Amino acid sequence: MKISARNVFKGKIVEVTKGATTAHVKIDIGGIVVTSSITNAAVEDLKLAAGKQASAIIKASDVMIGID
Amino acid sequence: MKISARNVFKGKIVEVTKGATTAHVKIDIGGIVVTSSITNAAVEDLKLAAGKQASAIIKASDVMIGID
Amino acid sequence: MKISARNVFKGKIVEVTKGATTAHVKIDIGGIVVTSSITNAAVEDLKLAAGKQASAIIKASDVMIGID
Amino acid sequence: MKISARNVFKGKIVEVTKGATTAHVKIDIGGIVVTSSITNAAVEDLKLAAGKQASAIIKASDVMIGID
Amino acid sequence: MKISARNVFKGKIVEVTKGATTAHVKIDIGGIVVTSSITNAAVEDLKLAAGKQASAIIKASDVMIGID
Amino acid sequence: MKISARNVFKGKIVEVTKGATTAHVKIDIGGIVVTSSITNAAVEDLKLAAGKQASAIIKASDVMIGID
C-alpha cells in the first residue's frame, strides 16, 4: 500500500515498550531515532520487535517547525 | 522553550510554499527531508525561509509504524 | 506496506477537490463517506481521482467518541 | 452540540478496554468497526459501555488515503 | 452531543478567514484567543462568523507541554 | 525555541498523573484548565510537577469548533 502521508522513512526498530494499552516504539531512520506511540494491538498485529525493518510514517499536518 | 514532544530534529529549511491559508515547509534533518503543513501565519511569524536553521517537531502519538 | 493505524477501510474515491496547497478527498467505504484533508502533492503522487479504489486510514488516537 | 469535524458516524459501542490512563473503545458504524483511543476519564465521564449508542468523530485532517 | 475530547471551552468567534479549501477561525475563550484550522465546508455548514458563540474543542492527545 | 504552533498558552501545572506509558497533565492557563496526554518519558525529561510554570501548546489543525 502507498499512503498519502508525505513522510515515510525506512529504518530499523530499536526498542518496543508495551504499557497497559499503549506501546512506545523507537525506530532508527538513518541515525535519527523517532519515538512513536501506538496501540499494543498494533505492536502485536505487526509483530513489531527490536531489530526488525520498519518505517516511521508521519502526516505533514502533524509536523511543527521550531526555531531557536 | 523545551517541549514534551519526543521528536525534535534540528535541520535546515529547503523549501517554503505558501498557499491561500496553509503553507508547506520542507526541512532537511541530516539527509532526511521532512514535509510540514503549517499556517501561513506561522511562516510569517517565524520568518521561515529556505536556508534557515530550524527544527522539525513531532508528537510521538502522531508517528505511525509501517512494515513491508 | 502494513500500517500500525488501527483503522484502514477500503472503498472508492467519490470526489477530489484541490485547493492552493491542501486537497479534500471523499471516499465511500461501504456506504459511509469519509472526508480527508491531505496535501495536493499527495493527490498528485498517488494519482487520486474519483472512481479509483483507495483506503481511508485513521490512527486510533485521532478518533473521538460522542454521545447524544 | 454540532462540531466542525467532517466525519461524525453514528453507531454502537462493541467493546471498551481501560488501561492505566488510556482506554480503547470499538464502535460499529454500519458494519465497519472503528477503534478509538481516548482517556479513561472520558470513558467514565460519558459512561461509555458496550451496547450503548455513540458516534465516532474524526477531523478531516486526521484521515489519510492509501492505495494498493 | 457530548464528546470524549477533554478540552471543550466555550467562547465567541472573533475572526473567520477562508482560504481555497482551508479556513482559520479565531475564538476567544475567556480572554485567551485560540486559532483553529478547519475546512471551508465546516465554516459553511456551521455558519461560523465573527461574534457568534462557539466552543474550541481539543483532544488531550493533541496538547503538548512546554517549559522555559 | 519559538514554535509554529499557533496556540501557546502560559500557565501552571495543577496535576500530573502517570500511567504505564502515558501520563495526563493538567495545566491552568488563566482560569481555564487544559488536559494533556503525553508520554511518561516527557514528564520525566521536563521534570513536570504540580505547581511548576509551563505552557500548553496546540497546533491550529488540532482545534475543532463546536456550536450549540
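As written, the chains take the letters A, B, C, D, E and F, and residue 1 is the first residue of each chain.
Going forward, contacts are C-beta pairs under 8 Å (C-beta built on N, C-alpha and C of every residue); 3 or more make two chains touch, one makes a residue touch a chain.
For clarity, every value in this text was computed on a predicted model and none was experimentally measured.
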* Structure fact -> Per the touch definition, the chains contacting both chain D and chain E are C, F
* For the chain pairs E-F and A-C, which is connected through the larger number of C-beta pairs in contact? -> E-F
* Determine how many degrees of rotation, between 0 and 180 and to the nearest 5, align the Cα atoms of chain B with the equivalent atoms in chain C. => 120
* Per the centroid of Cα atoms for each chain, what is the distance between chain C and chain E, given in Å? -> 22
* **Centroid distance [mean C-alpha coordinates] between chain F and chain C, Å** => 29
* Asked: If you average the CA atoms of chain C and of chain D, how many Å lie between those two points?
  -> 17
* To do: Would you pick out the residues of chain A that each touch at least 2 other chains?
  => 1-6, 19-22, 24, 35-39, 41-42, 46, 48, 55, 57, 59-62, 64-68
* For the protein chains shown, what form does their contact graph take: line, ring, star, complete or other? -> other
* To do: Sort out which chains touch which and give me every pair.
  => A-B, A-C, A-D, A-F, B-C, B-E, B-F, C-D, C-E, D-E, D-F, E-F
* What residues of chain B sit close enough to touch chain F in their complex? -> 1-6, 36-39, 41-43, 45-46, 48, 55, 57, 59-61
* To do: Name, in rising order, each residue of chain F that touches chain A in their complex.
  => 1-5, 19-22, 39, 41, 59, 61
* To do: Note which residues of chain B are touching chain C in the complex, please.
  => 17-24, 35, 37, 61-62, 64-68
* Structure fact -> Listed in rising order, the residues of chain B that touch chain A in the complex are 3, 5-9, 13, 24-25, 27, 29-32, 34-38, 42, 46, 48, 52-68
